[in-house]
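You will see subunit A twice below: alongside subunit B first, and alongside subunit C after that.
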Partner chain A sequence: MELLAQGIVSGILVGGLYALMSIGISLSWGALKIINLAHFSFILLSAYIVYQLTVSFEVDPLLMVLVVAPLFFMLGVLVQMFFHLAKVDEFKSLIVTFGLFIIFQSVMQTIWSADFRRIGPVLNPYETQSFFVAGIAFQLPQLVAFVVALLIAGGMWLTFTRTYFGKAVRAVAQDPEMARAFGIDSRRVAVILSGLSTAFSALAGVFIAIGQTMFPQLAVAWFGIVFPIVILGGLGNSLGTLTAGVIIGVAAGVSSVLWGPLSAPLVTFTILIVALLFRPEGLITKRSIA
Partner chain B sequence: MRPRRSWTYLTLITALALVIAACGGDEGGGTTTLGTGTTVASSTTQGGTETTAATETTAASGEPIRVGSTLALTGFLAATAAIHKVTGEVFVDRINAAGGLLGRPVEWVLLDDESTPDLAAAAYERLITEDEVDLILGPYGTGNITAAMAVAQRYGYAFPHHTASLTYAYTYECQFSSWSTGLHPNITNPNLLYDALESTGTPPETIGFVVNEFPGTMFISYGQPDTDEGGAVAEAEKRGWEVVLDVTFPTATSDWGPLAAQVRDADPDFLYIAGLGVDAPNLVTAMQAIDYSPDGMFVQWPAPGPVLATEGADGMMSVTIFEEHPPFTDDPEAVEVAGMIDAALTEAGVPYAKVETQAAASWTAWEYLQQAAEGAGSLDQQAMCDWLVENGAQTLFHGDIEFFPEEQNYFEDLSKIKQVQDGEWYTVYPEEFAAPDRSVEFSPGG
Partner chain C sequence: MSARVRALVGFAAVALILGFAPNMQESLEFPRFYLIFLFTMFFWIAQASSWNILTGYSGYFSFGQGAFYGVGVYTVGVLVVKQGWSFMTALPVAGLLAGLTGLFLGLVVFRVRRLTGEIFALTTLAIAFVLASVARLSPSIDGGTGIFMTGTPLPGFLGEFTTAAYRLTLAITLITVVVAYLIHDSRLGWGLFAIRDDEPVAEGLGVPTFRYKMVALGANALLAGLMGGVWALQLGFVTVDDVFNIRVPLFVILMSVLGGMQHWMGPVIGAVIITTLTDRLNSAGLTDVNQIIIGGMLVVLALAVREGVYVRMRRRWVTTAVSFFGVLGLARLLDLNDSLISDFAYAMVATVVMMLVPDRVWARFGELFGRSHPAEEPIGAEDLTRTGP
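Let's look at the complex of A and B:
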């Protein structure tokens, strides 16, 4: 029973990290109609930068949030400006951002080599820190990632439903031309949203750097986790993405402890296919901006 | 209209995610069948990236002898393949400085197989038929080696290669593995470990297995498919040890928490991690996070550097064929060559810049090639093959080797057991190969 409980708790917490990795793509796809495959590279690039700064300056890796978040916000702004210039639409974005993904992967391999990189325990005390409730471990990095994902998902939901900027985003998502006709600077809205999406990927990168061993191909493994979550959660729906992350995390965690880790991908993609069949618009559509 | 567009994109993305997930995360390599992100631009079948090692020496003269091979310069296997690239470059430099091969300079034509078996096969086809190289050497990674070996066999090339793990599958009479695991590493490797544990006088009573679904680790753990030979699990049972956990995990595992919880729940005296790359550091970290650590652990084929950087990995065991300490370094030439490779690895930015299994196996494969050509006195492939079978090879890191055709040209398992002690890897078993003042450390409940 304790094993099952541990599987559920781990699944919920890791689901938060998955959601953090997915929210940026969901917003970009839902609101900007950009299927940003480069997002995966941004997460890993952020992780490598956190790694490099941490080992070079012997600083707390969590503090690197203050560096990578604004840095990647700017990167997102630049990328979106490029998309405007190149007139990238939804379908072209698949090809263009896949190209960007390859370029960023190559750059990372050139800089950090193909070898494995890991922040050692002296500089990174967080990776093995946990607290226990009734014998169930709550891993600190995953818990913090979950809280951050919760804050971002909730914050974005409030932004989209309660603020003028949120209304502008929804208007741009639904009909950019009409939004422009009503005086909304759709390019500015898109640039800010792209910056935010990329900054969220940077936050995910911080937790990847803290909790995992990095190598350039690591990002490829995330495709099979993030896309089911984005689709299941509903495009542009931050709360839906968090919910989907938790569902996928718990399903994978529970199936791992019950039937072995080999069953986890099977369960994940079964959930995705069932969702595509019965709710292709996502689990939660009421607050979706797409 | 809108829902139909969304459906199209969703279906497209799902297909993409399924395909990438299917090939993703295979850091141990060998089973992927699709090129990946970083490598598309350098497809070897379309011109490929090509590097040529230094060839000019004062003593060697004439047309260079061209040695063709691929390595996973990009893709999942690139981290380890970088070691083979550096080692090969050092070997070529050294042989050219010493007068070349058969009096001619050696040129290494190296292509990127992108960690992908079908590209490796295509590249070897190109090397043999278009580039018309004189000799070939195996690539890195079980899947790539297996694919390239079929091409070598088709054209009758002698095929020295390094770390391929599916020994039973290599029946080509001119294949020569330089990884001294023997033909039955599924039996010999685990028993070497189990002997080491029993040498402490306090062997485990219970053992747990976590097995990467990579074909090589499955073979080590369970034996050759469709036979009853067995592997590490069955051998442990033969010793009367209770197997309290036997679970297989995917190569692309990203959440290690559930697996760590399963290990804690089973609580074995000794944990056998039939994994590779960074499987062990990831699992150990996840176990540490739930405040659990087995009394002893073994990992089959780890990336050595990350293990040392992992909290809780002290005492971890593995297999090795060479470590940079006595008695391996009793030979001054081994020390000299290891020093050259170390320096080149450092210059190449490889974090763990020491000669161990990968570099040693790589060097040995080059030695096979050199000695076969020199022994045969020509570049005739069959003559080289015959010469190696008849004469064996004298190697720097393995000593004298005799190939047994009845054992598919394999020789005995020369593996040793190494262990992380005081933050470094040391060979600890067999005793005659142990580093000075080092021995196996294991005590259940201790």
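Let's look at the complex of A and C:
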């Protein structure tokens, strides 16, 4: 029973990390109509960069947030400018970003090889830290990731509902032409949003670097977790994505306790299938961003 | 009708020539390596063509090719090695199971009308990972240990092992291409094209969209599974990571995007070009760069030639013939390389580069040579099938 409770708690916490990995893809899909498969490589690339900087300069891996977030914001801006220039639409974005994904993957494979990489315990004090409440362990990296995901999801929700920029994003998501007619610079909105979503993926990468062993194929393995979350949460809906992340995390955690860790993809996929059958517009809310 | 008969006679002739190529090997004295090269090429032609039946014709973008292929590989592996079935009885089961996987997927995703093609795409992306985890979990399939596939007995009338495997691959490839060809010019094909252009309109005009999509997906999965089953013969050692990875979907997408997804010939041309190029890159020791080139090609081609090179080759057939045979002849004459495949690779690259020139620039060239109406050239397949707004 305690094991099950532990599974649920870990699931909730790891769900935060899953949500953090999914928010960027969800925003880009929901608001910009670009399904950016390259986000998976952004997450892993950020993780590798954090790993490399930490190992080379022996600095605190969490501080690397200050380096990667702006870096990837710029990358997201550049990518979106390229998409504008090449007039990439929703369907083409699948092929184009799949190509980008393959390029990033092989570049990472060339630089860091196919070996397993991990920041050593000396440089990475966070990995093993955890504290106990009623006999249930809360691992520090997961807890921090969860809090960050909560802040970002809540922050994006407030931005979308309360600010002028958020209104502009929603207008662009609904109808870019019409938004332009009302004086919204839809290109600028898109570029900023793309930068933000890429920066969120980079944040997820920091926590991957702190908490996990990295290898190039990891990015491929994330497909099965992230896409169910993006679809369940509703496109562009940040709070929905967080909830979906927690649901998937708990389901994966509980199934790992009950049937072993390999069963997790099966359970998450079953949830996706069931959700698609009954609530195809997203599990949490009827409304996506637009 | 006569065009169709002629085409089918053509397919039969190709089948006979390629089918008896192993017998002629000694009299023609070409290296055995060529047969293995053709074998790989057939595999990719079949995979790309079967993928195109769903994605090219109906416009529903699928990443599920790896899953269907994997079901085929594992069905043959499990039935032949672990259950002791003969290969020829296991192969149809492989196709059937892959087809059922496809139909199940379709039943879930196509049922909900509001679901967009994008969600279909991502669901197909996820299914390979699920099947991989099922295979890993279940000891009766793989259990994480892999399956040794060496020395599977094949029926004797097909020749010794390599020749028999070659002929089986050829047979499945021809079936796939013929099916793709027949669907292309049928009521089903036109219905699928209408779905691709505008599904609500197609539905309004009386196209049974759900049924047609299911048939296309089922055919895609079944043919991919059959080819996977035959391919299992030469894998030697079957592991989850090698089978259910991103390679098969990546390559079929690239080949079809390169060749063109509107016409049945597109994926065939794309597969021929890509297998030749990757074979040359690999033998030049550029395996690492290979993937980067492939990814870069995918981006460039998706943005530069929407309709694929095949449609442009037909429109610019003189240029195609001149650049292909010119470069091929030149390479032969100069004796750049002792390998015939390299010469073909040069010719293909030259042709593809010529096809990459945008239509607008191309029209300028036409004017230079005194042709004022380059638009009067034969209309591409894309324009013929466009019905939507």
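Note that the second predicted complex is superposed on the first by the 285 of 290 C-alpha atoms of A that agree within 3 Å, B and C clash if a C-alpha of one lies under 4 Å from a C-alpha of the other, contacts with A are read in each partner's own complex, and residues count from 1 in each chain.
The rule is simple: a residue touches a chain if its C-beta (ideal position, glycine included) is under 8 Å from a C-beta of that chain, and two chains touch if they have at least 3 such contacts.
Predicted model, so just to flag it, every value in this text is computed and none were measured.
Model built by superposing both complexes on subunit A: subunit B and subunit C clash.
In the superposition on chain A, A:Q174 makes contact with neither subunit B nor subunit C. In the superposition on chain A, A:T213 contacts subunit B only, with no contact to subunit C.
Contact comparison for subunit A: of subunit B and subunit C, B touches the greater number of residues. In the superposition on chain A, A:Q129 contacts subunit B only, with no contact to subunit C. Looking at the shared chain after the overlay, A:F227 reaches both subunit B and subunit C. When the two structures are aligned on the shared chain, A:T163 is found in touch with neither subunit B nor subunit C. Judged by the touch definition given at the top, the superposed model places A:L277 against subunit C, while subunit B stays out of reach. Residue contacts after overlaying the shared chain place A:V96 against subunit C, while subunit B stays out of touching range.
In the superposition on chain A, A:V14 contacts subunit B only, with no contact to subunit C. After superposition on chain A, the stretch of subunit C whose C-alpha atoms clash with subunit B is 241-249, while the remaining options among 241-249, 259-267 or 295-303 stay clear. The contact surfaces that subunit B and subunit C form on subunit A in the two complexes overlap at residues 35, 90-91, 94, 98, 101-102, 105-106, 109, 217, 220-221, 223-224, 227-228, 231, 260, 262, 264-265, 269, 272-273, 276, 280-281. Put simply, subunit B touches subunit A in their complex at residues 3, 5-7, 9-14, 16-18, 20-21, 23-25, 27, 36-38, 40-41, 74-76, 78-79, 81-82, 213, 247-250, 252-255, 257-259, 261-262, 265, 277-278, 281-282, 285, 288-291, 303, 305-306, 309-312, 348-352.
Subunit C meets subunit A in the complex at residues 59, 61, 108-109, 111-112, 114-115, 117-119, 121-123, 125-127, 129-130, 132-134, 136-137, 241, 245-246, 250, 253, 257, 288, 291-292, 294-299, 302-303. Remark: subunit A residues 2-3, 6-7, 10-11, 13-14, 35, 90-91, 94, 98, 101-102, 105-106, 109, 113-118, 120-121, 127-130, 132, 137, 139-140, 142, 211-213, 215-228, 231, 235, 249, 252-253, 256-257, 260-262, 264-265, 269, 272-273, 276, 280-281, 290 touch subunit B in the complex.
By the touch criterion given at the top, residues 29, 35, 86, 88, 90-92, 94-96, 98-103, 105-107, 109-110, 217, 220-221, 223-224, 227-228, 230-231, 260, 262-266, 269, 272-273, 276-277, 280-281 of subunit A touch subunit C in their complex.
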